[in-house]
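Lettered A, B, C and D in written order, each chain numbered from 1.
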Amino acid sequence: MSAELEELYQSIILDHNRRPQNFRVMEDASGHADGLNPLCGDQVTVWIKLDGDRVADVSFQGQGCAISKASASLMTQAVKGKTLAETQAIFDRFHAMVTGQGAEGITGGMKALSGVSKFPLRVKCASLGWHAMKAALDNAAP
Amino acid sequence: MNPLAILRKDCERPIVNIDDFSLLDERDHLHYLDSAATTQKPRAVLQAMQSYYEQHNANPHRGAYELSAQSTEAYERSRKRIARFLGVADVDTLIFTRGTTESLNVLATAWGRANVKAGDRIVVTRMEHHANFVPWQQLALAVGAEFVIAELAPGGVLDLDHLAQCCTPNTKVVAFGQVSNALGTINPVSEIVRIARTTGALVVCDGAQGVPHFDAAVDALGVDAYVFSGHKMLGPMGIGGLVVRREILEAMPPYQFGGDMIALVGDERSTWNVLPHKFEAGTPNVAGAVGLAAAAQYLDGIGMSRVRAHEAALLAYTTARLTEVPGVTVLGPPPERRSGVVSFVLDEVHPHDIAQVLDSAGVCVRSGHHCAQPLMRALKVSATTRASFYVYNDADDVDALIVALLTTRDRMGLA
Amino acid sequence: MNPLAILRKDCERPIVNIDDFSLLDERDHLHYLDSAATTQKPRAVLQAMQSYYEQHNANPHRGAYELSAQSTEAYERSRKRIARFLGVADVDTLIFTRGTTESLNVLATAWGRANVKAGDRIVVTRMEHHANFVPWQQLALAVGAEFVIAELAPGGVLDLDHLAQCCTPNTKVVAFGQVSNALGTINPVSEIVRIARTTGALVVCDGAQGVPHFDAAVDALGVDAYVFSGHKMLGPMGIGGLVVRREILEAMPPYQFGGDMIALVGDERSTWNVLPHKFEAGTPNVAGAVGLAAAAQYLDGIGMSRVRAHEAALLAYTTARLTEVPGVTVLGPPPERRSGVVSFVLDEVHPHDIAQVLDSAGVCVRSGHHCAQPLMRALKVSATTRASFYVYNDADDVDALIVALLTTRDRMGLA
Amino acid sequence: MSAELEELYQSIILDHNRRPQNFRVMEDASGHADGLNPLCGDQVTVWIKLDGDRVADVSFQGQGCAISKASASLMTQAVKGKTLAETQAIFDRFHAMVTGQGAEGITGGMKALSGVSKFPLRVKCASLGWHAMKAALDNAAP
């Protein structure tokens, strides 16, 4: 078992995979969007509720690997309660981290996703929920 | 010996000299279990292509000089060699294509557009690879035909009764795989053909997972069209074939237009060359054909019955050892009705994560929908993990797979 | 030095190390003058393919394991390398195909069937290769469009006035070759594009004889679609490309259906993957792409301006020396407007007989209609003899050609 | 210049190429047929006039290389005046000769075509007029 693999499947990731946060349908969302990885069939839906320019609530559902599920779960934790500008900044930091451009400014559980950068094939898995979140924001009725 | 040891002994060594496969030879700890996706290539195949380029490279068919004649000869000799391997007597009915996907698109487009009309019916099976599903689905949508899927019976085999119900008199195409790439299911071709022949349909067999693994004996199958890929049978990428009964090929319009396939090009109309040229527009992939012929030669050297037996032995040993891994469910029919493919799910672990952990142990397996989304839906899984065997695999590969699966459970925090 | 000696000096040596080309290196007396049909391959190209198979062979795109990732990486890196060579900035608009013929068929079928209607007009030129003629002709016949041929002006060049007359407002396609394979004529692309842009037509440039011989700078051409073949630019057989402006590609329906090109496959409908995958159904020819990237690398190493200059020098020397052979008429425009191609007729000797006698002197030339029957009719010849040059040719090859032509006259009993 | 090439382009061949026999359109033919070699664009038309089961007259026209022209010319000489059965036998002997199965029973000028067997690519050229002759017989109104 390589050290890189240890880092990929940290216990935080496994926990979020087993017990994903905010893993539910949201009836009164301002917007939602689907994400699909045609290569592996993974699929996620993200719901967003806005309160002014703040993410009042965010949730997701879908099927996918541990990385995609944990990453979506961590995403919901990271952006809930944040302003749109903050959300964008978090997205950018996440993206920089998983594509190997450094983990600057990353806080909390999201750090556990840093191992992904060593596995370029898994960047898509880790990003699936994040891109769906961005798309849900774009779709959101203000 | 205990029963497991006996099973292990039956597949203890590969049935080829592993030196023949540089990639496997040089990476000692690589356990390549993804031959259903593509196979590794023996030196003889790479050498044949290299020699062609170094000794006979020229554009065939169009040159009056000796080098071009040699190129033509290399190309047409390859066609003969491959036709012999396939059990196809009428050599010029073997058309070279890029592979299975292109071959099926040729049929669905060139034959399909000319012969399938609104209100007609096209029948495929639930276990088809997208390559033998989407072209027919899109043909049906384009011409307004009905697209019907013959469903599975329990156990991942085709429901022949349902197939018979699907085959109404207005059925114009019955397309099925010889072997499912996702499950390994070996389909009962002669029964399928018998049912399909109750209609006047074009009977199409996707042999992509057939011809690499047992004697295809294409003429004896009694189908109208048979398709395959070179890269899945030790051959190079970018070459494969389409075999169609001569009357059908002759009546069929060309698929692509250009050099070599024409007879006369007028300002307003054109006429076509004879078979096989009519269906091979443009400069052919001579080196690819030469490489594929070398692969056929190599497989004949082993003997297809030994290939089949070796895969069956690997499958039996794997099946036995998989019982050691808690939470594994193998999909599809019992091993006797499968080729060298094990498609499984592991409780609480996504196939993608399995493949990842296995990879770090040097075990290459495929995870995902295996280009068979319609089948995944019917099986109610989003993806599976698939290990597939070939001539260079042995019991060590299976052992590595089992150990890595146990590690995966561990790694994913399962008790 | 006399003028001829100066001309000879300018092309005295090949601009590559001839050791790089085994076939030419080992057959000392071979004068390969048929590169317009297909080129010889440098070791670097063969080596790149071999290394791929020996080190990274796996099915790309679909595997979660490292080897498959390497294969994907090799494939996509090749796409980037070739796009750079072509001068194409939007890498994903470079679609890999089998070659020029397939690329043009993709356009004529996928784009054409969706966009050309009865009463529309398709314009091609009199000097097109069958690959850029017959697909459009057949599209026109299939949909009831008008198929119009822009004729030549005297001297084997395109009649731009006639082209302008042909380009009526209902014109949906203007398809032309960058360079004529039969005559070597270099077409004035920017003027053709300017004329074609007076209509709303899809402007298609067949670059099969362009990109091997000078800097193609595809983006700068201002065309909508550009097509080419790998085997004519030192690359392997079975690979080539299609470059189309992104908006057009995105609006265009797929050409073939199967694995890799899909997003979701439903029982009734399917959706497609993003570019470039949407147009690359089935297992790609990774080794072919890798070989083609190595060819691009090799050509960049020489420098395309040197390639062009060397061919021009060979052409000048050949033109001068051909005057020594009684009864020779060179077809097409003056050398300045030609790439490295000499297409000629010899009084009272059929091209086939010329090629035969030349072959016995080791001089490989092409004889025939060069897949350009419409052009042959306009030139009022049934066939020509064509010598075509490339980076590995030199003055010796030209000398051998001239001597062999004199022998031919002799052999055929001409005074 | 190889010996084989000398044999291919014997002076009889060159003579027939320069001055082909029976090189004319026949207005009152019983049948005629075209031959085409799509690779090189060579093309020939052969006319046949039958008198009972005898070839009363035969002629050809077309364009082609020295081999195809000379071979067609020699063909007309060989079959003129022969019965259908004799014509078939001559055709078979010609075919055996050019495909390298021996020149048994070959007489007269036709011998000059034996060199073709060394050049498999030229068999098509040499056969063009012969196949057209056979087709013309098939088409002939008796």
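The rule is simple: a residue touches a chain if its C-beta (ideal position, glycine included) is under 8 Å from a C-beta of that chain, and two chains touch if they have at least 3 such contacts.
These figures come from a predicted structure and were not determined experimentally.
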Contact-graph separation of chain A and chain C, given in steps at minimum: 1
Intercentroid distance (Cα basis), chain C paired with chain B, Å: 32
Centroid distance [mean C-alpha coordinates] between chain D and chain B, Å: 47
Distance between chain centroids, defined by C-alpha means - chain C, chain D (Å): 38
Whole-Å gap between the CA centroids of chain A and chain D: 79
Multi-chain contact sites of chain B, meaning residues that touch two or more partners: 62, 64, 262, 264, 352, 356, 367-368, 373
Two or more partner chains touched - positions in chain A: 39-40
Pairs of chains satisfying the touch condition: A-B, A-C, B-C, B-D, C-D
Touching residues (chain side chain A, partner chain B) in the complex: 1-2, 4-5, 8-9, 11, 14, 17-18, 39-43, 63-67, 69, 119, 122, 125
Chain C partner contacts - residues on chain B that touch it in the complex: 22-23, 26, 30, 32, 34, 37-38, 40-41, 46, 49-50, 53-59, 62-68, 98-102, 104-105, 108-109, 129-131, 133-135, 137-138, 141, 147, 149, 229, 231, 236-239, 255-260, 262, 264-270, 281-288, 352, 355-356, 358-359, 363-368, 371, 373-374, 377
Touching residues on chain D, where the partner in the complex is chain B: 36, 38-40, 120-121
Residue ranges of chain B touching chain A (in the complex, touch as defined): 348-353, 356-357, 360-361, 367-369, 373, 376, 382-383, 407, 411-413
Residues on chain B engaged by chain D in the complex (per definition of touch): 61-62, 64, 69, 262-264, 273
